[in-house]
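Got a structure here, written out as structure tokens. Questions coming.
Letters A, B, C and D name the chains as they come in the text, with residue numbers starting at 1 for each one.
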Amino acid sequence: MAPDGSPTADDVMIVNAARALGDLARVGRATCFVGIGLPSTAANLARNLYEPAPVLIYESGCIGSKPTRLPLSIGDGELGETADAVVSVPEIFAYWLQAGRIDVGFLGGAQLDRLGNINSTVIGSYAAPRTRLPGAGGAPEIAAAAGRVVVIMRQTRRAFVERCDFRTSLGFGDGPGDRESFGLTGGGTGLVITDLGILEPERGTCELVMTRLHPGVSREQCLDNTGWTLRFSDDLGRTAPATDEELAMLRRVRNGAAL
Amino acid sequence: MAPDGSPTADDVMIVNAARALGDLARVGRATCFVGIGLPSTAANLARNLYEPAPVLIYESGCIGSKPTRLPLSIGDGELGETADAVVSVPEIFAYWLQAGRIDVGFLGGAQLDRLGNINSTVIGSYAAPRTRLPGAGGAPEIAAAAGRVVVIMRQTRRAFVERCDFRTSLGFGDGPGDRESFGLTGGGTGLVITDLGILEPERGTCELVMTRLHPGVSREQCLDNTGWTLRFSDDLGRTAPATDEELAMLRRVRNGAAL
Amino acid sequence: MEGFTHLIPHSAGHEIIRQQIRDLHVIRMTPDVIFDQLIGAGCVRKLTFSWGGNPGVGSLHRFRDAVENAWPRAIEIEEHSHAGMAARYSAGASGLPFGTLRGYRGTDLLQFTENVRLINCPFTGEKLAAVRAINPDVSIVHAQRADREGNVQIWGLIGVQKEAILSAKVAIATVEEIVDRLEPVQGAVVLPAWVISAVACVPNGAHPSFAMGYSQRDNDFYREWDPISSDRVAFAQWIQTHVVATDDHEAFLNSISKAHKGGRSGA
Amino acid sequence: MEGFTHLIPHSAGHEIIRQQIRDLHVIRMTPDVIFDQLIGAGCVRKLTFSWGGNPGVGSLHRFRDAVENAWPRAIEIEEHSHAGMAARYSAGASGLPFGTLRGYRGTDLLQFTENVRLINCPFTGEKLAAVRAINPDVSIVHAQRADREGNVQIWGLIGVQKEAILSAKVAIATVEEIVDRLEPVQGAVVLPAWVISAVACVPNGAHPSFAMGYSQRDNDFYREWDPISSDRVAFAQWIQTHVVATDDHEAFLNSISKAHKGGRSGA
């Protein structure tokens, strides 16, 4: 929250991500594989705001976690104690993710490219990286197998690039047909929620195009903060302003007040 | 027990099987994968007679079961309640048996052949069997992966055959080198305990030869009850008579008295 | 179409017989008495299994009669080892087309199934058995209990219950009890409501099998089944009296309790 | 050479630093602070991993310094996805030379490891990733408790602890407590004494990680690690003061409790 009480760009991004999860849960796509950080904040916001609530699944083996405070780590005890079931790590990946039981995979990353591929490995060359990032984690198989992938990332020229320095997780590869040729069972990057607005893959080309802008955001801002020649949807819309209720709940989720 | 109190041939067989397990446990080969029936009776007898006691593992997923009464079925609740750990059936076969953690596999069968192969599938042809038997169960992989296999079977001309009608579980296949060529990691049929005596594979040929006779049993009896031209070891010995202590414990195990 | 060992869904099997559902391809590692009944009642076209016996008692006579004499109809069989079936269920639950194990090689089982092939390890060159995944159209299991949302809790010998549910297109659980809240139990597996298609409350629905914490295995019944199933007429009468002529599982339990009481107390 | 997530064997890692064991090939899905310390202390020759960060905080600065600047020495890295590493451990625990998953295809990860190859399903022809089994020389895990016979009980987030133990040639467990009898706990895994090579009792041996039922994760420590590890000198001082100069884990805990108390109460 900004000092004047208006939502920050991050708040707007998180609220819109939570709404996206809520929308998916409403159409029966409720199971959500969540990473720590922004995805976890947004997912827990959605869980507290919407009915039916998304079912949160963490790669540490927690199914149906209902944390009352935001976990710092994927291995936070709170996630296990509030889960419907806790399984081993090999099982969560094999029986749950790979088997196609996850509707929504919720990812972040350091770079995202025009075709929705994600880099969380290195900036620069692999042999002599400028920045060594944490690495793949669960992302490659989430990107491969989840029914649809929702990416949450701040939109900057350095992060939104023409082509990732390293393809850690596949969006649409080099274009239409690539996912199928690699035998990936999930739908790929379906929605990218940034601090400026929302991008979606264009039918036919799979290129990410801006489909909605957050209140007060201009097309120029988006162009300036994107490393490829960004295009806008013909029916470019605006996201609804974050409501007081959404913002109040976001504050509670962040502060770890009893949820 | 016969009416006069002397041990029956079955008693002698079971006591000798228990001794074999006790001997193996004493040299540190204590983990024993057990089937229901004679193997389970003998294994529980060994567990109550010897120190260190063999560790009983059942294919229903029970590790370290210490039943106080003999289970009728592999799925008997008693096996789970007295176990150190209960795991799923896929896990018991993959992480425990296949991984080579089982020292002794304890098997029965309907037919056993000269090279220690076992049939528990059909008598007669597969397409039109004279007798349809229950089938493989866990036996093929026990025979493949256990450090050594102990077979307990009544010796008759119908059961001890030149060649099994169906090879359900591999002993030595067609002879030396066959196990290795099939990539089997376990040692194969190491000991066959019958109501007449004990057979072991001959070094070099892998053929089962009689190495010991139970008290009062003659060579002729063995020859009459074996479907191949049975040979006897040069240093053919006799098993020690079942002791009163062994027989008393066998009675207690059978009756399910508190063990 | 069903589970393993403990928690055998007898009540669901009986209902299949009552509804005269036929031409089934049934799958189970350890088909025992309930599968003997399904086979004898003519419901089964094909059986995939790894061990078909009456545990601790002997043969399944209806199964043998079907295989040896095609009575009441011929059945197709496909048989595996336990390890192979377990790997097939695990692969099915994992969404993989096959599972891998060190098995089958050298046995005659390999000749009689299309669903095992040898593959080479791409690293070591070792030849291993690949088994085709099982993904049943319907899996039915019995479990201890479910909550009102449909989350199902199973404990004790869990067998391949989880894999049977997770590999199936439609998963049905019969349970001993429906409760407000699933209290934690040591060694329990919970399957969330969203992987279960339907839950039916059938107390003692595994009888003569058992549900740990709710009932004991009726070992006497398994022994009594041997003479009943040995004879086609006695079998047909038993099915008619206790299954076809009863409306539901409660009526079935009453019916067999009357019939078997005398014999049992004398056993 | 160690476990995952919850129950991280920090005390064992410190002892490796104290004993100056070097040239290690260390393996962990989620190398975090303790691996950062091992790397910064120069113990590591090669790291196999799938995610190397300080969870919820950011980078592992010693890890980055080693990869980016070869300080204090160059380290070799081999990286995978979590799913791939989990399949590798499972294969190792199963005694198979490889595991199979639907993964890696289309990613650049494939180019930088010899331990993933594509294979064809012998039934469907689908191309899948085969990953080489992991069978560490030594696995070290932390667990809640053991009994006097050496049976080890683990509960809560069990991660790949079981697979780490069962895939290893030698398995070592540090535990919070040694008890006469392992009372049942919901969701607990028990590993029998005969698959464990050695047990050491080290109360709070996972600190700043935690053991469910015994301790809480010290999230503040993870945050404080960020500035310490960002600076080579500050790091070296920290290792010298709190690890090298302490005799054992108890002394280590006393040492950091004094040093970090002021900062923490102000945080």
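Operating definition for what follows: contacts are C-beta pairs under 8 Å (C-beta built on N, C-alpha and C of every residue); 3 or more make two chains touch, one makes a residue touch a chain.
Just so we're clear, the structure is a prediction, and the values are computed from it rather than from any experiment.
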| item | value |
| --- | --- |
| Chain D and chain B - chains in contact with each | C |
| Intersection of contact partners for chain B and chain C | D |
| Longest centre-to-centre distance from chain B, chain (CA-based) | A |
| Selected interface, A-C versus A-D, where C-beta contact pairs are more numerous | A-D |
| Length of the line joining the C-alpha centres of chain A and chain D, rounded to whole Å | 27 |
| For chain A paired with chain C, centre-to-centre distance based on mean C-alpha positions, whole Å | 42 |
| Centre-of-Cα separation between chain B and chain A, whole angstrom | 57 |
| Where chain B touches two or more other chains, by residue | 94, 98, 145, 185 |
| Chain D: positions in contact with at least two other chains | 90, 95-96, 101-102, 126, 128, 162-163, 187 |
| Topology of the chain contact graph, where touching chains are joined (line, ring, star, complete, other) | other |
| Chains that touch, pairwise | A-C, A-D, B-C, B-D, C-D |
| Chain D-facing residues of chain A, complex | 36-37, 59-62, 71-77, 79-80, 86, 88-90, 93-94, 97-98, 121, 126, 129-141, 144-145, 166-170, 173, 178-179, 182-185 |
| Residues on chain A engaged by chain C in the complex (per definition of touch) | 30-31, 55, 63-64, 84-85, 94-95, 98-101, 145, 185 |
| List of chain D residues in touch with chain B within their complex | 90, 93-96, 151, 162-163, 166, 189-192, 194-195 |
| Residues on chain D engaged by chain A in the complex (per definition of touch) | 4-6, 29-30, 49-53, 55-57, 59-60, 63-64, 67-68, 79-83, 86-87, 89-90, 101-109, 111-112, 126-128, 156-160, 162-163, 187, 209-210, 212, 216-217, 219, 222 |
| Residue ranges of chain D touching chain C (in the complex, touch as defined) | 95-102, 115, 117, 119, 121-124, 126, 128, 130, 132, 184-188 |
